[in-house]
Amino acid sequence: MWIQRKITIDKKQKGFHLITDQVLNQIPEINKINIGLLHLFILHTSASITLNENMDKTVRDDFESYFDHLVPENQPYFKHVYEGPDDMPSHLKSSILGSSIFIPISNSCLQLGTWQGIYLCEHRKHAPTRDMILTIQGQKYAVEKMSEK
Amino acid sequence: MWIQRKITIDKKQKGFHLITDQVLNQIPEINKINIGLLHLFILHTSASITLNENMDKTVRDDFESYFDHLVPENQPYFKHVYEGPDDMPSHLKSSILGSSIFIPISNSCLQLGTWQGIYLCEHRKHAPTRDMILTIQGQKYAVEKMSEK
Amino acid sequence: MWIQRKITIDKKQKGFHLITDQVLNQIPEINKINIGLLHLFILHTSASITLNENMDKTVRDDFESYFDHLVPENQPYFKHVYEGPDDMPSHLKSSILGSSIFIPISNSCLQLGTWQGIYLCEHRKHAPTRDMILTIQGQKYAVEKMSEK
């Protein structure tokens, strides 16, 4: 069983944003899946996706501060500067954090750890909406199990 | 063919640990698979998984030193500090290194390069056991091939 | 439907190289796939794969400069030094950037964003050819759709 769709995440401020619920709302079919995997893929090179702590907003704040220190704007050796000082750092953060995640599915549920949430990492100061492709592949329940559900 | 199970890795010291054999021991069914993929997913936000050099212990030692320099404790701008000075750096290392890996399976074997091994990256000083979900999806051998094996 | 093959990328200079077309040329069967995923996996620990900006060569140049600053050679605490000063930084860059990527497939095409391209990140100064395993898993078109194509 394959499911694939494009989803659009509304414009976000530069920073790290928890989008677990927004993603879950897009995949009602997960309740038919016994074993599977969710792939979430962002179609951009200046934003990224990662998994991290889902409870305390200060973790996301510290991510933002840390990554601004790790990849500072206006490095003297930067050549790609014509799209603004936050552009090249955005590309670099995008590759350090990554453009896709996979999460296992078991028994109709995403198997995230207790503290794991999905972060959209927005690296641009004036960002557009962000498109993602969500792909699920999984094994449906055997018929006898489905009738119990 | 889908296989999925939760495995628990015993408590480790802070540092980078080779767990290739421990993972392989958990997947005897791999010998039925002609083509496939193994997904290894850690259910935590202060430990991570990566692939790197599988032979020389000094590589893992240098990983530990380097990542402690890359993400230092006690940054003046950290707000998320109540779980100890190694907590926020652990979250950051977790997203830089990543929480899952995929390895191709061919002809009943994990297709790792000669020098590739699986690292469990433990970022906390007093860490608990670590849970992972291991998912294999693959194509079984055609019947004639299976009878040869 | 599973497709898996090993591909070899010719020797590259240290730096970031766009290989999207080289990869696409290896997967003519993609035109049979309705929904699927491409996995690209590098069998080495001193080179990596990532997705980033596919147009402007200066982005790749800035990647090279930045990652040389992020992971400098000859750190006083490095122990793994006998393979040359660029060896340990190569291992570290390999885990920061990652050894595999996934790209969704829809309607016979890789679903890359407008600006996304595949980078081979070569971290060694005198690098060998690089082997990758390419795995595609996907759903074929239903018969009626195939006959239209």
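By written order: A, B and C. Residues from 1 in each chain.
Keep this in mind: a residue touches a chain if its C-beta (ideal position, glycine included) is under 8 Å from a C-beta of that chain, and two chains touch if they have at least 3 such contacts.
This one's a predicted model, so the numbers in the text were calculated from it and none came from an experiment.
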**Request:** Answer with same or different: of all residue numbers used at the interface between chain B and chain C, are over half used by both copies?
**Result:** different
**Rotational angle, Cα trace of chain A fitted to chain B, multiple of 5°** = 120
**Message:** What's the distance between the Cα centroids of chain B and chain C, rounded to whole Å?
**Reply:** 20
**Message:** Give me the residue numbers in chain C that touch at least two other chains, ranges are fine.
**Reply:** 70, 96, 98, 102, 137
**Sites on chain B touched by chain A in the complex** = 2, 4, 39, 41-45, 70-71, 75, 77-80, 88, 91-92, 94-96, 98-100, 102, 131, 133, 135, 137
**chain C to chain A touching residues, read off their complex** = 34-37, 50-53, 56, 58-59, 61-63, 65-66, 69-70, 96-98, 101-104, 106, 111-116, 119, 137-139
